[in-house]
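This report refers to the structure that appears directly beneath it.
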């Protein structure tokens, strides 16, 4: 098996894979725009604010994960990249949530929790 | 059978203990760190929104159509970025240049929207860094994001220019991918900011 | 030579250590451990400090037990397995990689010891935060405000202010609302309760109770600028009758009409001097200090100043010579204080918003007059 | 040793790359300023850190002399406040962290069998940013109002322009920012290096513990530093642009600063102690002649300590009026940390148990570490209980606690590491007798200095007070603490003198003087430029030990380099140095933003914008040129001696 054939094989393989990715990216970006549009509309819809809040959180989470999963190639990369990123993401999320809870105040300005 | 990897410079770069290229791994570590940067800024903003909900009439200040438009622009630039990385991996330089150019163009539009938004807030709505605590946290948070976007544009622009020189090699696809990771991250941060800074204000509790 | 110098030096070092231990544990006048020192947390005089000291001793015993067992094992290992003279230098001991049972056992044991600590800890957290129900009924309430570098006390129920000495009845709970005027301070009365910070923009609460009448020292415990070390205060727990007397005295008006300083009585000695002092007071002091106990201005309230035990926020005893020094050269007693330098303008710190004594240039006799006047404020 | 430049990099050299050509000189000033060699950078880190250790030590001794007797008037209150601020900042950011970084740089690549770190030029950037950051912070001494007087955790609102109008505070803010950059680029580099550049066969569960702790510490750095970076940015905006992040007048919450600071600050404590634990875990097995007891558990507990470190920050704030739920949660989480920490101590004792202990100087420091760290840990358990902490917070009890952890812990372990790896770095061994004399001086001095502080704290002495009244009864412990501090200072100084002496006059050391276990002992002392002439193939956790005592199938294989290609080495570069100067000037520009000050007696005015722009331009040019220059590289060929060694090992197998 000579080297040139091998190389062309690998390039073909690359091409096919990248071609496949194009459609994935296109679908993802359409989904992202749809979600953004829904987000923009839903805040004006007269339903319970809790539901709006919840769906906003869920939708932006989906958008967030879609971008890192497909656009940022985590789907195709080694699991290690995901783990490294998740270490930061989890600690950052935990910190934000903890801070939000710590700043639940009573009227005098002292923390309640 | 080692000829396969020997001939593909991109596979060559993956010859590390974990199989992930050095630059990519360092970039992911940086992005993990950047999560904490933005986590801290976003919590500062949200804490003060929570403590002082009525400090400014935020809905009156915001222009959600413009912000929705710039969010759309940033998402599109992210799409084009994904395509340029794909093209770079195929070593399809013309396609990569067009997509990179589009990414940068959309990035510039986003930045333009932000500049317009800032000057509108400052001059028409009297919201400045020192007008209220909302101004402080809002401008520093979105400004930091804007600085990230500007750096990203500079970085991608460098690669666009570099791709026209004959020093550009197949291995540089990795560098474009790493710059792309950064760009996508700036995008996902905006997804969060768009929701928790802008949209949430419009919910009437 | 070098063979002998090591044991000699090591011996010397341990000798120094042996000398230093008793020196440190006995305070100068021979009391053991300074345990009854002015601000000792190990000499509790109230329920919160008692609870905190109890938990401290509990943890101390737990950790001492750990120190003796773990440290004992370490010492034993160091002794038993040391390389002795004449040992085979190439000896290889049996290699062991660890034992899961030992590891798990030790983890479980340490977790169990932590539970012993955790339960009373939780009780202590609750006790410090909430006044127990049986003390709630006759509790009094005081607003504490921390300033750079003194303490203001406001007796909300009776509507008067005092400074640097908090007086309260023994045996009753005192609820404290903690405010800060400028930077963060921390209210600490070691013999009655652990500290709670005074933070600008928020109101913290705590409570204290003295079991018996007594005189306690307290101090700011959070670094608050140049003169942080001089930000002390005193707490006086009085028996019920003396407390009522004190309350009555504090509420007595020290001011007549709309004047901003107290009238000088007809029948006192050195009346001339006191009158001069009153004049100087009006000229130099009245901008920041008030002698009306119902009014809090920028400086410490000076109503009933003559009856206080300490001056300069607890740093000096209230004696004429000390007061003279304090008024003559306050910046040498407390660096950076506003009484000398004046208040800086918050918008431009290089400018002075209100002048201090630096610009008054008081002579010794003028200071004497001020001292005489201040002591008439009983 | 022969070398030549590979064709591709030679081509790069002949291209017009701007102001000057790529530096090639290995020696002299050029060699030092442009180096990318992890060993030289490690040594430079160590020298810088030891210098700042002495600076911080002198500051500490002045503090102690002031407190020696009650109502002392040796120094003014303001100078005292500046001294403890700078002492804390210097010791944490400029002494202990860089000294750990020195070991990360020098030892870690050797332990994983790498030729250099993943990004050698970024490593140089880290070094220069550390040195320039240290210089920037200490420059404040030479300006009119002197150094900052805000405490090392700089609680707002004392840091607001209103309460600290001095320029020292601005120097402190921007200096920490530069040091943050230094730590961050270093950490990204170490993470990539450890994960990606391990020798063949060196799986994660075969990594030396020190390398593991480097990895965990690096993760702590990248996740903790952003919090303080942002907090400092917000503080800088408050001071320069009138924002209200921590300004009460505009609704700011000073308590937010404390949260953000300790979100960084608590992991920072573990950034200081985990490398120390790594060093101890290397030294104890060597001098016990036994493998580390419970290796997986030590690694796991290190990771758990690191992770829990992000969930306990508010235990520094028990007295700030947190609610009952928060106080309880943070208290219990803090207590949990005692378990993995205890596990480590049990395992060290388990390692010693049944071994053959040789009490060399490094071993003495290691055992001293365990004792002192136990004491510091036990007082830590006391602080984890909020009711007890309410009495101990901000008193000398806390001062005693963290000095037991940071001197008795970190510094003892770092001294242990210095004595242990000194032969590897210099090729000479430090004298055992003098080393032990120094150890006893340091150990006894340290205990006399800091044990009495427990008594002082419990009897009511608050920290950060420059004087105290005689009636308080604190005179004797304070007096002896000062005596002990002087002894400690003397011990550390003589340690450093002994190091310098040994470097020039010490006895020559073989490659492996201690009977080491990990890979760094397999190479020459000092290691050649290329670290290893061969690619080591690892078959066991304690590879060098197995080579000596293990079964033949566990011996290390040595793969000789391609005789044509040689060993690839990275090129030197000016751009890290230039970029760091750009960052330095930009930060200096921000310090001088809108500043009026007297300089040599005359009033000067600057807005610093010019300096900021110049700095940013230099930084940008530096980065662009850095990128265009590329990593470069040249090839080295192992000398005959090395080739002989490789041949021998191959024939043996």
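Residue numbering begins at 1 within each chain, and the chains themselves are lettered A, B, C and D in the order written.
Criterion: contacts are C-beta pairs under 8 Å (C-beta built on N, C-alpha and C of every residue); 3 or more make two chains touch, one makes a residue touch a chain.
Quick caveat, the model's predicted, so the values are computed rather than measured.
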{"item": "Between A-D and C-D, the pair joined by more C-beta contacts", "value": "C-D"}
{"item": "Chain whose Cα mean lies nearest the overall Cα mean", "value": "D"}
{"item": "Inter-chain centre distance, subunit A versus subunit D - centres from mean C-alpha coordinates, in Å", "value": "35"}
{"item": "Centroid distance [mean C-alpha coordinates] between subunit C and subunit B, Å", "value": "51"}
{"item": "Separation of mean Cα positions, subunit D and subunit B [Å, integer]", "value": "33"}
{"item": "Residues of subunit A engaged with two or more neighbouring chains", "value": "80, 84, 87-88, 91-92, 95, 99, 103, 105, 110-111"}
{"item": "Residue numbers of subunit C (touch at least two other chains)", "value": "201-202, 204-205"}
{"item": "Residue list for subunit B, restricted to those that touch at least two other chains", "value": "18, 20, 25, 29, 32-34, 36, 39-40, 47, 51"}
{"item": "Subunit B partner contacts - residues on subunit D that touch it in the complex", "value": "118-119, 184, 187-189, 191-192, 195-198, 202, 222-227, 229-231, 233-234, 237, 241-245, 250-253, 256, 260, 263, 624, 627"}
{"item": "Residue numbers on subunit A that touch subunit B, as the complex places them", "value": "1, 3, 6-7, 10, 14-15, 18, 21-22, 25-26, 28-29, 32-33, 36, 39-40, 43-44, 49, 52-53, 56-57, 59-60, 63-64, 67-68, 70-73, 77-78, 80-81, 84-89, 91-93, 95-96, 99-100, 103-105"}
{"item": "Partner subunit D, residues of subunit A touching it in the complex", "value": "80, 84, 87-88, 91-92, 94-95, 98-99, 101-103, 110-113"}
{"item": "Footprint of subunit D on subunit C - complex, ascending", "value": "2-3, 5-6, 9-10, 13-14, 16-17, 20, 23-29, 31, 33-35, 37-42, 49, 51-53, 55-56, 59-60, 62-63, 66-67, 70-71, 73-74, 77-78, 81-83, 87, 91-99, 102-103, 106-107, 110-111, 114, 117-118, 120-122, 124-129, 148, 178, 182-184, 186, 188, 190, 193-197, 199-202, 204-205, 217, 219-230, 315, 335-336, 344, 346, 349-350"}
{"item": "Subunit D - residues contacting subunit C, complex", "value": "76-78, 81, 149-151, 155, 157-158, 161-163, 165, 248-249, 251-255, 288-291, 293-297, 319-321, 324, 327-328, 331-332, 335-336, 338-339, 342-343, 345-347, 349-350, 352-359, 367, 370-371, 374-375, 378-379, 381-382, 384-395, 433, 436-437, 440-441, 443-444, 447-448, 451-452, 455, 458-469, 471-477, 479-480, 483-484, 487, 549, 596"}
